[in-house]
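Chain lettering (A, B, C and D) follows the sequence in which the chains are written, and residue indices restart at 1 in each chain.
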C-alpha cells in the first residue's frame, strides 16, 4: 500500500482527494494535515464522509509517507516546501501554480499525462495542471503536435463556482451567482502561461496568440470550453490527428456527438468534439474542474509515478444529473 | 411628493426599496444613508440601476423627510433611533424585528395591512413584519378571526437565499447551496413570536401550538409555506371564510389552482390555496420574501399612512421565469 | 387609449407582452387570441396574473384594434397575415423572423430603435428583432457606424432556457439542463442574417465574418454576449464612439463596470462594457431575451410608432436576485 | 461473475444501474433491453458513458441471466412478467410499485435491507422500495420497532426533478422549475401505502396517521425529509433506539450534525438526524432518490441475494458539489 498524506486538508481539492483515496485500492490515507482543523474528524468539514471514515485532521506531518499532495493556495507550496522537508523517497504532487512553469530552480514535471506520460512515470515531483489549462490545452494540443498552430486561437470557457475555491466573495454568494453569468479576466487569465508552455513544447515555432475569455457559470462543477482556429485540412484529417494523439489516453476521448457539461461531472474524463466550418476547426472540450482539472488528475499522476494502473481508483460513477 | 429617506442602503431590502421608490409616482427618493458607501453612486452596489439614476449614498441624514425606512440589522433600529431624532412629521417604517412585539415602550403598529389596515392608516411608526411571519400569518389568520384555531398547526416553509441577507456564510456560498436543501431552526424560528401575537390579536383564547420547520431552498427569492390544522367545516366553508377575510385585500388572493413559487416572485402578492383532507385544512401560501415579505409591504404601509392608493408603485411585473 | 391585440397568446413572449400591457398607462389590452385556450382565463396559463385580471383567451379577432402583436412561431406570421386582414389603421408588430430581412415583398421596418428610430416612428409594420441579434448587434453597431468593422468579429453568447420557447425537449428538461452547459448551432445560428443586414446598413463595405458560438445556459432569462474584433484606436476613442452612438438611447447604456447578467433581468435595458487588449476591442453586452430581446422591445417599438414616451410602461423593476 | 440483465434501459434508474454495474467487480452486464433504442450504443442515451463502454441496447432478452432488473413504468412489470419467463435460476429485482404490497398473488420480498435483511438474502424476487418510501420509512422505522408510534406523524419532503422520470411535462420544464418550488399530491402520495405496510410489519398495532406533503424542488437529485411525532422519552433514548436499530446497516447512519441534501447525492447512503422539542421527536432523513431510493438499493439487494459484500460496487464517490 502506498502511504499518502495531504497538506491543506480543508479545501475543495483536498476533499476530492480524500474521497478518491479512501476508495483507492492501492493507497492508505496516512494523514490529512490542516492547521485550521486539527483534531476534528474530516467529516466535520467534508460532510459527505459521515459513516465512511473517522480519520481526523492533524497538525503533525508524517515525513516518511510515499506521496504527499499539496493543496495549498497559490504561492504557498513553495513556501511550505522551504520550511518542511520530506523523506528522500517521498514523491510530491503540488496542485498550486507554483511549479508549473519549467525553470532551472526546480525539477517538477508538468503533470498533464496526455503530454508528459513518460516523464511523469519517472518523476518525483509533479506540478499538477490548472483546471482551465487542462480543458484548453487538451483541446488544441494535437494541433501543436502536428505543427498546425499557425493562427490565432479563440477560446471561450465557463467554469463552475467550485473553481473559485471555498473562500466567500460577492461572486460566490448564492444570491449573486444563482441564474447569473459573467466574464472575468478576459485575455489575461493566469493559465495562459501554462497553456502557452505546453503548446510550445510540442510546436516550438508556435507564436499564435491564444485569446481566452473565462466566464463564471451558475453551476458548481465543470468546465466547458470552445476553441477554434484556422485549419487547412478536412474534418476527417483533424479527427485522425486527434484520435491518434489520444489513442493511448485512458480518460480523454474524441466523440462525434454534441457535448454537454454533465457528461463528465464527477468523473476524471475529458471529452472532445471536433467540427469544421469554412477554414475554422472548432473543438469543444469538457472536464470536471475538481477532478480532471485538479484532484483526479493528481491521482492519475500518482498512479503513473508508482507504476499502478493509470485508472486505479478513478473509475468514478458520473452523477450525470 | 413624499420625500423619503432610507437608512442602511447597501443591503437587499434597501435595494428593493430603492427600485420601487425610483418608479413610485408619489415619492421622491431624498437620500440613501450608508455608513459604508458614502459618495458612491447607488448603482455601484445595486448594479441593475445603471442608466436609471445617478443618486449617491450619503452619510448625512435629512431629518425633515416625510418618511424614513430603516433597513438596519435586527437590534440596530432601536439603537439608531436612540441616537438620531427625526422631525415631528417624519413617519418611520422599520424593517427590523425591533418593534414587532407590542409593548408599552413604543408606539409602533405591526404593519400587516390584512390585519391592521385602519391602525396603519393613522400610524406614525410601523414595524414591518418578517418574511416568514407574513407568509404564515396570512395562511392562518382567517381561521383565528373566526375562532377556528383550536388545534396544533403544522407549518413547513422554504425560503430563498436572499432571506439570509448579503452577509457571506457557508450556507449562502453558491457551491454549498446550489442544488442543496436543508432545514434549520426547526420549531425555534424567531418569527414564531410575531405569528403568535397576530393570531392572539384575532383569537384571544388561541393557545394552539404552531410547529414550524423553516428550510433553506436553492433559489434566490420567495417563500413557499404549507400549513395545516384540524378544521371541522367543509372546504367550501373554509373558502368562504378566507375570501371574506381577504375581500378588501389588494395583494392577497385565494385561488383554487395549484400554486408554485414563481407565480409571485418579483411582485407584492400573496397567493393562498385551500384543500381539505379528512379533518385537516391545508393552506399553501406563497410570497416574495423581499417584497410582500419586506420592502414591498413597507411601501404598501407607506401608501396607507399617507392616504395614497394602496397599490401605488407596486404594480410590479412578475418575472415569472 | 391604444387598443391592442395579441395573436398567439399562450407562449412566453405573449405572456411578457400581457404583463407589460396590463400596466401600460396608454394601452388597453383588447384581446388575446389563442386557438388552443379559448374561453380560459389568461391567468390559467400565465399564472402570475391571478388577482390582476380576469381577461380570457379568445378565438375571435378584433380587426379594428390600433395595434396587434404577432407572437406566432417562425414562419407562421406570414401565413397568418395571408389569411387574416386587419383594418387600415391597425399597426402590426411581428415577433417572428418572417419579415426581418428587407425585401421588396413587404414593408416591415426592422424594429431596432437604436438603429432605425426615425423609420420606426413612421412605420406601420415592425419586424421585431431576434434576441441574440439584439444583444450582438448592439455590441458592434457603433463600430459599423464609424467604418471600423474591417476584421473578423468573434462572438460567444449564452442564453437562458426561455430562449427555446415553451416546447418540451431534451435540452429544456430540468434534469438535463440544471447545472449543465452546452454550445449549439455554432457558426450557423439563424440570427447571423439579421446581424449582418444591420451592420451592412451602417457600413456598406462591411465584409468581415462574424463567428458566433451560441450556448445554452442553465438559467431561465437573459443573454450574455462577448464580442471582439481588431480596433486600431484607443479605449477612450472606442468609448466615445459608443457613447455618442447611444447618446439618445433610453435603454442602452455604456458602463465602465464589470457586467453580470442579472443586472438587466426583467428589464428592457441593454448594458455594454468596453475593454481593450492589445489591438482587440472587447465588448460585453447583456439583455433580457424576453424583454429587450422580444416583448419589451416590441412595446418600445409600439411606443415609438404611436408617438408615446419611448419608455412608457417599460420602467420595470429589475428582479436582480 | 453474476450475469445481469436490465429491462427498460433508457430511463434514469436504468442509467444509474448501468453506471453501477459497469464498475461492479462481481457483475457482468449481460444485456440492456430497450424496445425504443435497439442497436444503438447505450452511450447515445446515457451520454456520460462515452469512452467507457461500447455495449448496445438490444431487443433480445437472455433468459438465462442470473439476475434481471426491471426498470419499467409502474404497472408494466406485472405485464412484462406475464409475457416473459426467465430461467428458474434467474433472480428478479423489480423497481416499479407492482409488487411492493404483500399479497398471496406473488412472492416478492420488499427490498428494504434495514427492515428485511434476512428475507432478502434468501429471496428470489425483490420489490425495490420507492424513493420517498425509503427516506420516510427509514426516518420512523426504529420507533415502530420499539412500539413508540402512537400518535400522528407529520412528514414534509422534497424531491429532485429526476424523481419525475424522463418524461417531459410542464413541471419538469427547466423554465418552469428553475428557482421554483411547489407542493403536490399532499396527503395522497402513493408511497403512503408501502410506508404503512412497513410500519405495521414492526408495530402491528400501529394505527397512527402519517400526514405527508411531498414537494417538487428545483434540483436534480435527492430527497430531504423531515418527520416528527410525539415521543415520550428523552433525546438520548431516541438516539439509542435508532443507533441500535441501524447498528448493522452499512449505508444508513445516525448523526448529531445538521444535515444538508448534498451530503448524500450520488451515494447509496441515508443520513438521519434526531432532535427533540417539547414532546416531539424530529427526524431529518436524506437520500439520493436514484440510488438509495432506486438503483443503488437495487444493487444492494442483489448483493444480499447473491451473498456478496453488501457494499460491493456501491462505494461511490459523493459529488458533494
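Everything below uses one rule, namely that contacts are C-beta pairs under 8 Å (C-beta built on N, C-alpha and C of every residue); 3 or more make two chains touch, one makes a residue touch a chain.
Every value quoted in this text rests on a predicted model; they were computed, and no experiment measured them.
Peer 1: Chains touching chain C and chain D alike, please list them.
Peer 2: A, B
Peer 1: Measuring between mean CA coordinates, which chain is farthest from chain D?
Peer 2: Greatest centre separation from chain D goes to chain C.
Peer 1: A-B versus B-C: which interface comes out with more C-beta contact pairs?
Peer 2: Result: the pair with more contacts is B-C.
Peer 1: Determine the centre-to-centre distance between chain B and chain D, using the mean Cα coordinates as centres, and give it in whole Å.
Peer 2: Computed value for the inter-centroid distance: 40 Å.
Peer 1: With centres defined as the mean C-alpha position, give me the chain A-chain B separation in Å.
Peer 2: Computed from C-alpha means, the inter-chain centre distance equals 46 Å.
Peer 1: With centres defined as the mean C-alpha position, give me the chain B-chain C separation in Å.
Peer 2: Between these chains, centre-to-centre, one finds 34 Å.
Peer 1: Chain A: which residues touch two or more other chains?
Peer 2: Within chain A, the residues that touch at least two other chains are 12, 160, 162, 175-176, 178-179, 218-221, 260, 262, 265, 321.
Peer 1: Which bits of chain D are touching chain B when the two form their complex?
Peer 2: 154, 156, 158, 160, 171, 175-176, 178-184, 186-188, 209, 211, 213, 215-222, 224, 226, 228, 258-262, 265, 275, 277-278, 280, 282, 284, 321
Peer 1: Please give the residue numbers of chain D that touch chain A in the complex, ascending.
Peer 2: Spelled out, the residues of chain D in touch with chain A are 12, 15, 19-20, 23, 44, 46-51, 160, 162, 178-179, 220-221, 251, 253, 255, 257, 260, 262-267, 269, 271, 290, 315-321.
Peer 1: Under the definition above, what is the set of chain A residues touching chain B in their complex?
Peer 2: Chain A reaches chain B through residues 12, 160-162, 166, 168-169, 172-179, 218-220.
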